[in-house]
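Labels run A, B, C, D and E following the written order; every chain starts at residue 1.
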Amino acid sequence: MTVSDTTVNRPVKTVPMLSVRGLQKIYKVPGGEVEAVRDLTFDLAEGELVCLVGPSGSGKTTLLKCISGLMEQTSGTVELAGSKVTGPPKSMAVVFQEYGRSLFPWMTVRGNVELPLKNQKVPKAERTALVDAALKSVGLDHVPKSYPWQLSGGMQQRVAIARAVAYRPQVLLMDEPFAAVDAQTRADLEDLIRTIWKQLGVTILFVTHDIDESVYLGERVIVLSSSPTVVQEDLKIDLPAERDQLNTRALPRFMELRSHVYAEIQRAKLGPVTEQITAQRKAARK
Amino acid sequence: MSPLKRVAYFFGLPIVLIVLWWALSFGSTNFFVPKPFELAQTLWTTWIGERFFEDVLPSLGRLAVGLLFAIGLGIVLGLLIGSTRWLRNLLEPMLEFFRAIPPPVLVPLLMLLIGVNDSMKVAVIISGAIWPVLLNTVEGVRAVDSVLNDSCRSYGIRGFARIRYFVLPAVTPQIMAGVRQSLSIGLILMVISEMFASSSGLGFTIVQFQRNFAIPEMWSGIVVLGLIGLGLALIFQFVERRVLHWYHGLKEITHDS
Amino acid sequence: AGTDATTPAADGDALTPVTVGVIPIADTAPLYLGLEQGFFEEEGLKLTIETATGGAAIVPAVVSGDYEFGFSNLISLMVANDKGLPLEVVSPAVASTGDVDSDFGAVIVKGDSPVTSLADLDGGTVSGNSLNNIVDTVMRSSIDRLGGDSSSISFVEIPFPDASAAVENGQVDAAFVVEPFVTAALESGQRVISYGYADFDVNLDVAAYFSSAATVSADPEMVTKFQAAMTKSLEYAQANPDAVRAIIATFTATPEEVLAKIVLPKFPTEFNVDAVTALGDAALEYGVVETAPDMSTFLP
Amino acid sequence: MKKQRSPAGPRAKALGLGIGGIVLFFLIWEATPRLGLVSDRYLPPASEVLVRLAQYFTEAAFWKDVADTMTSWALGLAIATVAAIVVGLIIGSSRFLRRATHTTIEFLRPIPSVALIPLAVLIFGTSIESTLLLVVYASFWQVLLQLLYGIADVDAVANDTAKSYGLGRLARVRYVIWPTALPYLMTGLRLAAAVALILAITAELIIGTPGLGKQIALTQSGGAISSMYALVLATGLIGVLINLAARIIEKRVLSWHPSVRGEVVL
Amino acid sequence: MTVSDTTVNRPVKTVPMLSVRGLQKIYKVPGGEVEAVRDLTFDLAEGELVCLVGPSGSGKTTLLKCISGLMEQTSGTVELAGSKVTGPPKSMAVVFQEYGRSLFPWMTVRGNVELPLKNQKVPKAERTALVDAALKSVGLDHVPKSYPWQLSGGMQQRVAIARAVAYRPQVLLMDEPFAAVDAQTRADLEDLIRTIWKQLGVTILFVTHDIDESVYLGERVIVLSSSPTVVQEDLKIDLPAERDQLNTRALPRFMELRSHVYAEIQRAKLGPVTEQITAQRKAARK
């Protein structure tokens, strides 16, 4: 099943936090079908931070929707801590790619971030503290009373991130969460995610288009092929656990890894490696 | 907008129309065609005084109760029917059936089932005024934004909280469209409900005037209806501004054309 | 039947078209019979009958000249007269049977009601199809004549078809209904406490045909022809009750078995001036009109 | 509609449920007089009325009445809809007109069509125009108001996009405003369709022009109670059929809309 | 007015294609005002390709809306080829940051791209050719009949780009047009923009968060300060006109420029340099 020598196939001893097996998703459209995801299998151990990269339209959003129980897969299974996912699990939070549409326009910034906590009946004082901290961490402590439509694109996206962070989920799925923010904010948010990850032990699946970001953030990077999608590569990022924007990115190993991922993506885009991979997989199963 | 401009907007077109009407009806001697001055006079002598308390106020009371029920029921049923597909499939044909039945034939049935009393009249008002709210709510619920819906689901916002924080606000713009329709339909049905099994009320009085060839008085009653409608619309506008301030902010950014 | 040596040539071009707006009830049967029997053609009229449920549509149509004639109860015509609406009564239409124990209009009560007379209704609720009109005027008058107090009674509007149910459910203590609902009420065990019209005056004229002043002055000849044809029709109807029952079946939806049992009204050719005067006085007394009509100008 | 779905497709299931709802309604109706809750002289059991309705179905005169009523309905609704769309698009796309017409519209809307009957008869006589006037007057407002709300719902970014690509006012109406308002309009149309039917029948009932309404009036005044309920039933059935047609149209013209796309399910 | 020695202040001889003078925008919000843009002045000569970078919420979108005549500025002027902009000019196309909302869900991909051309009464055959070419250039020639909501985020964004490209405007404003596409597609689209720019001589103002992208694409990079916004720096990019993804990005000058922009953005985010700049400008005017 390995495609390159850097690919890992770590033996998972305990039950993985998240386990995706043979996932397939076919969209029904008038006059046909679109096979967005063909056959995806991978695991996330508890407390792992994994980045997912893949060409545009390769099914990353589709995959996240299936994992989060928002959409039913056509075949295959998703398991969360050993039990099948059939609906959205409580312990999971999602940051959507369409951040603009994921905020409630009738609620203030604060209201948006607070809502899931209120719904969880988190006591008022604790809630306020969590919301304040989350807003501060994304640099939005000055606009709690604004409405989402009064904010810039990047600010809206940060509200969505703050909402997920304040929620303190066990598993966090993020779909290109930094697409609309500037380079400096992006760097800050990347560090924020790593900090939260380390402090809270949350399991994170992070979709990004930025190759440097995937390498900088992740402990592993999963590269998807173009649609219909399979896992093209599952790459362990053997960088030191303590990372920082200047030094880590300057490491030769960082450069190597990013080049590797870049090449893989290019390969994914160029031709469907699908047949080849499926054939390999079939052979491996026998 | 300056208060002056506001007043101009409010009265501008009506004044133009009244002048036009005055000019057109100037030479008319037709018994059934009202004239503005005559009508204004009749309006004053007919409706100010005893009749206001004996006919208009009770009617308005029934209207208020009917509208509150129609709007409340419409929203609650609309949320239920709109968000539960099997319920929609089950009830839609039946509801459409009732919606098509004219109040003049529905009234005798309600009289039979409820009796000759205020409840029956309120029921008539509800029976007509509920539809715009109900239909708009159902359609609004069916059209809620899919990304927002996913956000709610992924954060475990379900049941009542989902309705309270997501569905209801999302549908409010459309509910408001329905409520605005309901106000005038309720008023129309208030009149119709008083055409049967009644002995007082604004609608009863208007019909009496009509039957008794008190034509200017009848028209003055219709003007009263219009004025009540206008009053309701103003109250409505006030409420809508508050309830939908986010929506107007969201939409009016570029709607200034 | 009814062809006459003086009949003008029945060639269509010579006939004057007239349209009459009526309510499709037993009361207007003579008009349909007259049409069927050719009485209108004999007078040189080509009759068209249009139907409506009440004055709301008929009166404006007559005023605008859309219809030449219309059918209405007498109180409505008195009210119109009182309000200065230019209408003119041209022909009688229907009257009480002349029998206080059997008439086409009646006040009914529940079978087990303690009420036996109009005088027992004090403080109660009574329905009529239309208030401040003929039905409540004759009831008020009879109640007060019998020693009751009509001002203590609350009158409500309930259409004739729904009145029996309202009586049965106790929503009203008594209701004025006309045929076929009198027969239906009696069959269901309800009782009649007064044949309302006959109680007021055994020969009370209840309704009439009318025209507009403009039509009358523009074509008095046509009006005369209509009156003549009406007289023939009313006479014929009065003389042939079976023909009346048969023709009612053609323009109403009353089931045949019910039709066989209903009480038919009288179809007079002349107004009973005394009764109409009394009705006018009663209308004045109960505030339905501000001045009682002057019979010399009100009636043709 | 792919094979994987259960043998009874969703459409069949929906139909089944809808029929189930109606059957339930008839059962309740049947029971009400049978259990003596209401005397069967005033409310005949459903079965009796259904038999009468079936009888009507075999009578040519009944179909003539249906045709008359449906003619006034269709004509009135068409006129009201077209007028409301034209007026709505004009008023809706100008803030000035929206403000200037507000008072007048709100004053006129609550005037009951029935109150206009004498005026209608005076102007048009008892011809179909009178009925049409009432139908048009009542259903016009429903469409207009929905349309105005629909126009206000236009997405700011979508509208900006159209403007920036040089789409003029008319082109924006055609390509942006109209599609956005369409779901609201469809609701308005469904509201108006029922109101138009109600007014067509009420006008026939009161003015006496031929049609189902006149027959209802006749059966009422003739005391033919099961016939009357059979006609009322027919009216309701027409309403159900109209809605069915509206739903089919909606499916076609709103295939892109979330409510039809059906992405949001519980 | 210069902040660093690499900043240019080119003397504009002819009338500039786009001229922004003293632009200020204050949003009125219930209970106050938000000064999104304080004082912006810059020019674009005909046929220039300028990138605009600035912190999240610094008013880039606001600026673009004012330039495109979609929103009225509070004060200052925008001139297009010498005449004041009061409404959206015909010769300008905008790619919006909120790409999802800028596509019409009731039209297919093809319909969306074709609409502006249809509106311009471009003959059918030419229109078809333009649309086909545009869709092909963004890699979406396989989904012309799909609806926007059947596409992935990145695909939607590319439809919006194709629409602008097919329109062949004189001036093209793009608001983070590549935020949702993968690295490889992004590189392709960058090259596409430069190709179009060179072939058609279109004037382009390009908002981006990606510093490398701004340097790679632009002939100039304008750096905005954080809100309330002024021009913090106007930097000439003195890289060769022929650029390619591998070699250009490897040039030492490229590295220098990107570091410079990065530093500027960081500075912009850290503190309001506003006062300082305004003071300088006032001094310069005297």
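Assume a residue touches a chain if its C-beta (ideal position, glycine included) is under 8 Å from a C-beta of that chain, and two chains touch if they have at least 3 such contacts.
These numbers come from a predicted model, not from an experiment.
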Between subunit D and subunit E, the fewest steps along chains that touch one another: 1
Pair of chains joined by more contacts [C-beta pairs], B-D or B-C: B-D
Chain at maximum distance from subunit A, centres defined as averaged CA atoms: C
Between subunit C and subunit D, centroid-to-centroid distance (C-alpha), Å: 38
Chain centre separation (subunit A, subunit C; CA means) in Å: 85
Euclidean distance of C-alpha centroids - subunit A vs subunit D, Å: 49
Subunit E residues counted as touching two or more neighbouring chains: 70, 98, 101
Shared-contact residues (touching 2 or more other chains) in subunit D: 42, 118-119, 122, 155-156, 160, 163, 205-206, 220, 257
Shared-contact residues (touching 2 or more other chains) in subunit B: 30, 32, 108, 112, 145, 195, 210, 215, 249-250, 253-254
Subunit E-facing residues of subunit D, complex: 155-158, 160-161, 163-168, 171, 175-176, 179, 182, 256-257, 261
In the complex with subunit C, residue positions of subunit B that touch it: 30-32, 108, 111-112, 115-117, 195-199, 204, 208, 210-215
Of subunit A, residues touching subunit E in the complex: 27, 29, 34, 53-62, 97-98, 100-101, 146, 150-155, 158, 176, 179-186, 209-211, 262, 265-266, 269
Of all residues in subunit C, those that touch subunit B in their complex: 54-56, 59-60, 63, 76, 79-80, 83-86, 127, 130-133, 154-159, 161-162, 165-166, 169, 171-172, 288
Subunit C residues touching subunit D - in the complex, by the definition given at the top: 21, 23-25, 50-54, 56-57, 59-61, 63-64, 66-67, 159-161, 164-165, 168, 180-181, 184, 188, 252-255, 258
